[in-house]
Amino acid sequence: MPHRPIKRILIANRGEIAVRIIRACRELGITAVAVYSDVDRSALHVRRANQAVALGGATSGESYLNKTKLLEAARKARVDAVHPGYGFLSENADFAEAVEHAGFKFIGPPPSAIRTLGDKTEARKRARELGVPTVPGTVEPLVDAGQAFDVAGAVGYPVLLKAAAGGGGRGMRIVNSEDEMPSAFATAHSEALNAFGDGRLYLEKLIENPRHVEVQVLADSHGSVLHLGERECSVQRRHQKVVEESPSPIIDEAMRAQMGDAAVTLARSAGYVNAGTVEFIVDAKKNFYFLEVNTRLQVEHPVTELVTGIDLVAEQIRIAGGGRLEQRQAEIRQRGHAIECRVYAEDPANRFLPSTGTLERYVLPEGPRVRVDNGYRQGDMVNLYYDPLLAKVVTWGRTRKESIAAMKRSLAEFHIGGVRSTIPFCQFVLSHGRFLKGDYDTGFVAMYFAPEALYREGNRAQVAAAIMAARAKARMTGVAPGDDATFTTQRSREWKKNRHATLR
Amino acid sequence: MEKEPARHIALARNEYLVAINGVRMRVLLNSDGVATVNGVRHAYDLHESPEGGTSLIMDGSVFEVAVLARKRQRADQDGIPDASERIAVSVNGTDFEAAVDDRHSLLVKSLMKTTAHDARSITVRAPMPGLIVRIEVEAGQAISAGQGLLVLEAMKMENEIRALQAGRVKEIFVQSGRAVEKDERLMLIDAE
Amino acid sequence: MPHRPIKRILIANRGEIAVRIIRACRELGITAVAVYSDVDRSALHVRRANQAVALGGATSGESYLNKTKLLEAARKARVDAVHPGYGFLSENADFAEAVEHAGFKFIGPPPSAIRTLGDKTEARKRARELGVPTVPGTVEPLVDAGQAFDVAGAVGYPVLLKAAAGGGGRGMRIVNSEDEMPSAFATAHSEALNAFGDGRLYLEKLIENPRHVEVQVLADSHGSVLHLGERECSVQRRHQKVVEESPSPIIDEAMRAQMGDAAVTLARSAGYVNAGTVEFIVDAKKNFYFLEVNTRLQVEHPVTELVTGIDLVAEQIRIAGGGRLEQRQAEIRQRGHAIECRVYAEDPANRFLPSTGTLERYVLPEGPRVRVDNGYRQGDMVNLYYDPLLAKVVTWGRTRKESIAAMKRSLAEFHIGGVRSTIPFCQFVLSHGRFLKGDYDTGFVAMYFAPEALYREGNRAQVAAAIMAARAKARMTGVAPGDDATFTTQRSREWKKNRHATLR
Amino acid sequence: MEKEPARHIALARNEYLVAINGVRMRVLLNSDGVATVNGVRHAYDLHESPEGGTSLIMDGSVFEVAVLARKRQRADQDGIPDASERIAVSVNGTDFEAAVDDRHSLLVKSLMKTTAHDARSITVRAPMPGLIVRIEVEAGQAISAGQGLLVLEAMKMENEIRALQAGRVKEIFVQSGRAVEKDERLMLIDAE
């Protein structure tokens, strides 16, 4: 099939990932066309694009999830290809198909590969067939809550209910006992239906507090499939990742090769093309089990980029344009160590609930070792319509110790005012002995984190805040510092004497 | 000083009571560059910038500071407006929400009657802005601790709000499908 | 000699380099103490430090060049060491000595090494003795203008007059013929005297349009001396570097080893410790000649950091604390390619003259591949007192092509309003065929650059500016768009009819 | 249109003459979202941000724009104040200095008499702000093209200002040691 060269790309996304893709386009000399909902009119991803097409609406359904509007925008802007980013329609095979039918390249895997590997149940079946280890549980989606009781009884509680279609923790519930099953099943089903339009669930034995380790895969349309090493993503709240690193502190060369081979085997079997991620859980004995495939770019892709030197988004675009992977597996080398901290508009002191408002202060870290993938500017509103990810801070060091030091320095420079963020939580993680030793798993947050550990500002910072607040109040009421200086030394005596004079 | 009732504190014109995270500080702005906080004198250097952020150098240490927007005044549990000024200050990237009183606001406070508060009535408030997906109880219904009361959706996540203790639903202020603000009243529970 | 551990450092500098050193301190867990002149009271380097001490004054002489005040600040802040940065007192042996005598570590070479290698005349003599090639010219400083005539006659015009004490193009003049010698000698002498307090000059044959290539050296106090490869710095205006890259497009492994050996030999012979740079010029036949040693950190050190992964400032601090270099020469590897563009507050359309004013708009580039070492914030004043360097943009790529693409993308994102900058000049360089081919030398600017090449904004950008300006004027005068909509279609006829009505 | 003298241009109330880098454009603000520039209609979308920078989406293309501070009015060569509004606009990181006229400023201009201009008299102005280090000529002195006139120091660099053509020094406005602003008059030269 002859490939039309990719000169113009529609980025069907928003926020930091849209900005990141736009940057790759600009470096490749490709015209980047942004789309925007009404509330995103002056968002950073619009400002950084070459061109922009309005989608209208505010909710995701009216805009970034609206296939018809997106295809219309692609036609209007006469693009050659569509990049879906992550989230939204990135794992939607129907959208990928519609994009290709409309005559545009979809920058991602073929619809068939999304269907085969994106469906968790199908993917698990395939993994079993290929000899890739999987966690005991259902192979087919559950028929009803009754079947859930039966299977859970067979593999033994605790078990995990998961959406067949989704990811990112939505439609996922831990069930500790029979009693919890009815409401857990109902909630997971409803969440899955709302989030993915598909309420099917499956069930598996819960491996308690595993590590979450994933392998990055790149495949071109000429049969070459590579893995780019692993990412350790075990620091999670609500089953969503917050801190990731590469390489994992527990994976050695041999295990990396084993997991990499498993990932490549799975991808190859499904005719996978473009970037994808094979997720595994690793138990305390370092046994790894296939979890699922994310048939798209991951939020945490930058840590792989920093250690391998490979630009995953640029590779995605090249692959979609029919290009060949330039490296062989033996040439992929990890250099040093990278960490990513996700900065969400959430209040870690209040169960990570979303925090909305205006970014009254928003100052990014700069300088050596740090990369910031960011989607906001000071003065922007953070609203309820979309994912609360503001930015990602990624640091690099020759050693894990160096990249942690760089991250702590960078997080201290990242000043957000007006909206709560996960920065203090990330600072907690980066200072915790378990994390520093690399000895942590997905139970880390539940086990060690308590909101009391946050905002441990020194007494001096509070004094500074008090002086600033008092000065602000004085300015509001027109009082100048020292207006009542006689009170400084001899308060009680002078008080009576001056009472009359100083009352306004 | 912390236990002294607010109305008995005599403040100078350039003196303030500042409460941050439950810690009360008495701040005297002696002159431009000197402040006495809880009796300890601090020399500081501050040069305010038109762009908002600046540095406060206090006793030689640097704090990157910014005064954020003045918060709207919050009604307290009983609906009585709080006379304190709410001022948010960013120090080294952390937001501090300060309640600031001067001699005038203290006077206002001392004049306001406080309504007796029924400790057995619990107001359930929205922990975040969101959309009410469904309400799982009815007015008058007896509830047990941990029972789901309603489901709030925000940023595509459903969050179940549960009862902290057993009791009976007295009143429900919202309906399914409604958007609510953070801290908006959702239900009133009579605790057991 | 037992070393006191370095826990607190006074940074005797300002601007981006002070900020960069503060960041290294914070990553190493060291308390960073800034100093500031009156006009720098709220400068970024003060904001980023842990502590700050006022020097007072505005001019460099009253502040960052004032040894007494700096030593007093170091005592007051009870630091363990002083980092001089570059410029100011960084190459002043007397200052280094005074710092050590006052009981602080000087983070830089020993005063003896600064004296031996920092004095250009001495360094040239030593290089000749060691068999390192040098350019024909005087070995001793010139006695007077008369001697300058004699030597110039002997080696042949054109010749170069250079300050014995200085660097950075100050006190340097090209002399093409006898006629130019008197005024050139006077100006160079006067500039050198003003800038360095030392008016001595020397003279050498001008190698016309050489390349400027320098080698980074690191030496510890235990006898280990390494070189970290070269930097190509041939894009210069007024003999000052603007764009640098590593590796150089013309240096191969063999030449790198030769130049590296020469640099290490020189450093070792002078008992050099800490970071330093040996500068060479390279003629069209790839012969290299020793030029001078910079006994300090260079402005362009980040390009070396990006390709080697070594943090030069952290190494400087470790070395000053008595630490050993961890690598051996064979372990130093260059990976990929890095470029630096210096963003000066200068008007490239007007002979690179300084441009002062308020940074009304100051938006830094972000995202993959780019590092920004920056000293300013939006709203800051750029004044006449100090060096006009605002920030450095440094990009990395697996290949030179990739780092150039990343640089072009990053420069396009760097928005400065209110003050002219060298960004458009750097954009010109990054798009020039000669630069893209790597085929350029120090004659590049004189040969190819003309101000007409700048600000080639498309017609559409001008139209956008015109609309914005018209809207701003309308707002000032209270006119709303469409206020006179009748004029839109039938201008001339309507004009007369409405004349009366629309005149205010 | 460019050669038409300004005073003969009839502008609508919502129409402007904008000169940028020597290019004159006639801008009609038809409505909020449509402008006609030199007869070409452009649809644009602009949402101004409180923080200064924003994006203008014009005919589908994005321009990151900001209106910078209004420049002080510049006296022209003959000391007559220029009635045009000077407005600096940043577009994609490049500053554009626009001279904007509306119907009123054009009227003012047409009423102002222009003084005859002596083409043989050249004003030497400071190309940048700086300090006069030394003056190398005297009033009345004959000078040749390229001859050094004075030395201006800025940011520790000495910059020699030289004569562009031969002539005679008519007047010197500054003294050694004085700080000067950009564009400040330094000398008057009678050209040969």
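First chain written, first letter: the chains are A, B, C and D, and each begins at residue 1.
Quick note on the criterion: contacts are C-beta pairs under 8 Å (C-beta built on N, C-alpha and C of every residue); 3 or more make two chains touch, one makes a residue touch a chain.
As the structure is a prediction and not an experimental result, all values here were calculated from the model.
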- A student comparing A-B to A-D should find more C-beta pairs in contact for A-B
- Per the C-alpha means, the centres of chain B and chain D lie apart by a whole-Å value of 53
- Note on the structure: Per the C-alpha means, the centres of chain A and chain B lie apart by a whole-Å value of 31
- So, what's the distance in Å between the C-alpha centres of chain D and chain A? 49
- Query: So how far apart, in whole Å, are chain A and chain C when each is placed at the average of its C-alpha atoms?
  - Reply: 38
- Item | Residues of chain C whose C-beta touches two or more other chains | 48, 412-413
- Item | Where chain D touches two or more other chains at once, by residue number | 53, 61, 64
- Sort the chain contact graph into one of these: line, ring, star, complete or other. other
- Inter-chain touch pairs (all): A-B, A-C, A-D, B-C, C-D
- Seen from chain B, its contact residues with chain C in the complex are 45, 47, 49-51, 53-55, 57, 60-62, 64
- Where on chain B does chain A make contact in their complex? 10, 12-16, 18, 20-21, 23, 25, 27-37, 42, 44, 46, 52-53, 56, 58-59, 61, 63-70, 85, 87-96, 98, 100, 102, 104, 127-131, 148, 153-160, 182
- Query: In their shared complex, at which residues does chain C touch chain B?
  - Reply: 34, 41-42, 46-54, 77, 377-379
- Mind pulling up the chain A residues that touch chain B in the complex? 60, 169-170, 183, 187, 190-191, 194-195, 238, 347, 350-351, 353-356, 358, 360-361, 363, 384-388, 412-418, 420, 423-424, 455, 457, 460-474, 476-477, 479-485, 487-488, 491, 495, 502, 504
- Which bits of chain C are touching chain A when the two form their complex? 19-20, 23-24, 26-29, 48, 302, 305, 309-311, 335-336, 364, 366-374, 398, 402, 405-406, 408-409, 412-413
